[in-house]
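Note that the chains take the letters A, B and C in the order they are written out, and that residue 1 is the start of every chain.
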Amino acid sequence: MRKTASRSWSVLFQKYRYLVLVSYRRASTYRGAYLLSLLGNIVRMVAFLALWSATISTGADRNGFSRQSLLTYVLLAFALDGLLSFRTESTIANSVRTGDVVSDLLKPLDHQAMHFADALGMVLVEGLWLMIITAVLGFLWIDMIYPTDAATIAAFLFSVCLALIIKFDLAYLTGVAAFWLTDVRGLIVTRSTLAGILGGAYFPLEFLPDTVRRVLDLLPFAGTTAVPARIFTGQIAGSAIGLALARQLLWAVAMWLAARFVWKKALRKVTIHGG
Amino acid sequence: MAAEKRICQILRHIRLYPRYLKQAIKAHMEYNVDFFMGAAASVSGHLAALFFLAILYQRVPAIGGWTQWEVILLYGISILSRSIASTLFQGVWSISQLISRGELDKLLVRPVWPLLQVLGSAFGVQGLGHLVSGGAMVILAGFHLGSVWNLRGIFWLILAVLSGCVILISILLIAECVSFWTGGRQTNLPYLAYQLGELGRYPMEVYPWPVQFLITWIIPFAFGTYYPVAAILNKPGAYLAFLSPAMAAAILVLAVAVWRAGLRSYSGTGS
Amino acid sequence: MSLILAEDLTKVYHVRGKPQPNQGVWKGIRIFSRRPKQTILAVNHISFQIEQGEMVGFLGPNGAGKSTVVKIMSGVLVPTSGKVEVNGLIPHQNRIDHAMNIGVVFGQRTTLWWDLPLRDSFELLRVIYEIGQEDYRKSLDWLADMLELGDLLDRPVRQLSLGQRMRAELAAALLHRPAVLFLDEPTIGLDVAIKQRIRNSLRELNHKWGVTLLLTTHDIRDIEEVCGNLIVIDKGQLVYDGSLASFRDTYCDKRVIRVALKDEPTAGELTQDTLPNVIQAERNGPWVTLYYRQSKTTAANIAGYVMAHYPVTDLAVEEPSIENTVADLYRGKLL
């Protein structure tokens, strides 16, 4: 009598939704520690905003942004960048290093989906606080602007979901690199810095020469920060939103599949010690 | 007599310290390319920051009254002090973990100051990246600015790097020691403190005054890098630079006192 | 058809050679020194079959490859060549389906969630393994009872002692009533009472649920008390595959019979006497331990002879422990 894992979508959905819940609960218990690290990120955000604020207050060229929208963009991009912390990559990399990845492999769970559920649970907790702090900083310090019509808000939220998927897959790929490299910590930092720049997390991509910007818009990184931030600040509107979302969706699917492919390759390389 | 003994002890510890570091480096070297990955990571972070500054300075000649090369000088010096902290004293990050796992005991039984054992127990590869980046920035900035490569400039430079390092390590030490009193639960306080230190990389003029106050008088990072550099460049407020060594010494004394108090409470409860 | 099938199973590892020690700081940075690639043949063309309901012990010295074989069978490692089938599925190809049918207990790793209460871990497993509510309740009740987990259910896993955790791991591995249970050093570091309880539980499981068992261990008593079959692996190769009983008969030649005599002087006499086919005699008070070869004679013969010539008050025939035999095996003697 052999059991097989269910193929029905509703069962699978329930299964992974439960995982998200568990992850959410666990993340909630670590709230205190998270808040402190959030404060640390806020410090960096303060530095950024201060520099930007000081720059544009001298009447400098803003590439078509208004003062408010520029500062809003920077604030929002930074917040979106911090939405998914290093935890996914570090957890996977550590599990490979210590051999705990074996426990993951013994369960009838799709490895990628399982970690995504885990990440979602954390995002639910961390995202809430991030939103609150961003709103506080935004309204009190820089007088931020925000979309008021339902269509834009919906598009923004959808874009954020897609951005999360792309970010997750980038992190997943970096974590899986632990199968080939012994210490991925350096790689994690480099990747997140690089992805941040290319994705417009530290400054709007519009500030770069036009040809460069057009190339970057085609890459997945833009989908992690620039696209949702642009929708929010109204940089792109109307039909342009549709195009941007379509590109983001394409990348979300492509990255998800690419991550699965690399994982399959990684499994063949599993070397676990012990007689 | 007692003073001589004291000096002997100190000299002995100074001799022993490099041994600890060497062990830490060896432990790190099992990892091949990854050894340099850590250094590369920090370099890439600095390149990103420079890139970011370039974007900003495309539009304005000065931010907060500081030109681009002046900011690069400040940034470079702050990274240089960080490089010393990472290469020589990286062990400070492991304190809260040692406390929560109760592993301090094995340090207390050795005839060497536990603080030294802890500080020398790890080697931060990214410190090499900081060294290269910071060094390059300072040298290049020095050529572009007139007032750096003279006796006075070099004096303040060395003072900045040293006191910056001392202040950073002291503040991290205090943050890590909090674990002595939280029942061994690890907090992210050191991380927060480290991030606050990053504020010292940019000119204070850009920050709103509460932030300026915070990093000058409460958590005195500004005395580590900002004020000495302001002295080199003759910025307003440069006179406070003379307080830098005093501030560094004061926070160091405070940090060691906190460490000692923490150790006492640790061995007292016999966890 | 066999439940578990391994055919010509092979696993090869490629590793960088060991670095030379004491090389000083510069040489130590690997880029500047060369490390030759080494090929390790961890599993060397192993074949065996395990039927449903069998309880098999896996023996072998450290580094022999038995853990590797178990990991291949559980779907964690991909074999370099050869075929492996568990319950009709190829483990590494149908990893998720295969995982639904197996339970694994690691002595040194946990499969539970560290910071969750035990009950929550179990509940999570219920969802992951798609166990029906009714089945789950029955299984949990039975397992909690057999392994005495009652008051542990509300404690977070990290607060459990090693013995408590092992019992919990065993329950966790069985919640979904797997067809096969893999155990890797489950009794390591546990005290005698708990070892006993776990061994009893395993026997009961096999009896009540028909679970097929694969037990890797260094504790010979685990095998002697639980397993009916034995597979011995050394240096990646299969050295023995058969029942525990025939292993004894074939390899444990030296046997023991103990006789108690009327008094100590008589015992002393017996010890000095040369008895047919007796290799060695040792006296301990009124008891005399006689060593003989199973291949040359039987316990009955020896007993008969002694009782005919001496006043015997008590008699004990001992099942030979395979411990010494296995130790010899590891040292390369035998076979």
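Things worth noting here:
Here is the rule we use: a contact is a pair of C-beta atoms (placed from the backbone, for glycine too) under 8 Å apart; a residue touches a chain by one contact, two chains touch by 3 or more.
Because the structure is predicted, anything quoted here is derived from the model rather than measured.
Nearest to the overall CA centre, using the mean of each chain's CA atoms, is chain A. Of all the chains, the one whose CA centre sits at the greatest distance from that of chain C is B. Mean C-alpha position of chain B lies 54 Å from that of chain C. As a whole-number value, the distance joining the C-alpha centres of chain A and chain C reads 46 Å. Here the CA centre of chain A is 30 Å from the CA centre of chain B. Residue positions of chain B touching 2 or more other chains: 30-33, 36.
Of all residues in chain A, none touches 2 or more other chains. On the chain A side of its complex with chain B, the touching residues are 32-34, 36-37, 39-41, 43-44, 46-47, 50-56, 58, 60-62, 141, 181-190, 193-194, 196-197, 202-203, 207-208.
Residues 30-34, 36-42, 44-45, 48, 51-52, 55-56, 58-60, 62-64, 125-126, 186-189, 191-192, 194-196, 198-199, 201-202, 205-208, 211 of chain B touch chain A in their complex.
The touching residues of chain C, when paired with chain A in their complex, are 13, 15, 60-68, 71, 74-78, 87-89, 92, 95-102, 104, 106, 109-111, 113, 115-116, 120, 124, 127-130, 176, 179. Those residues of chain A that touch chain C in the complex are listed here as 1-6, 11, 14-15, 18-19, 22, 26, 29, 99-100, 102-103, 105-110, 267-268, 270-272, 274-275.
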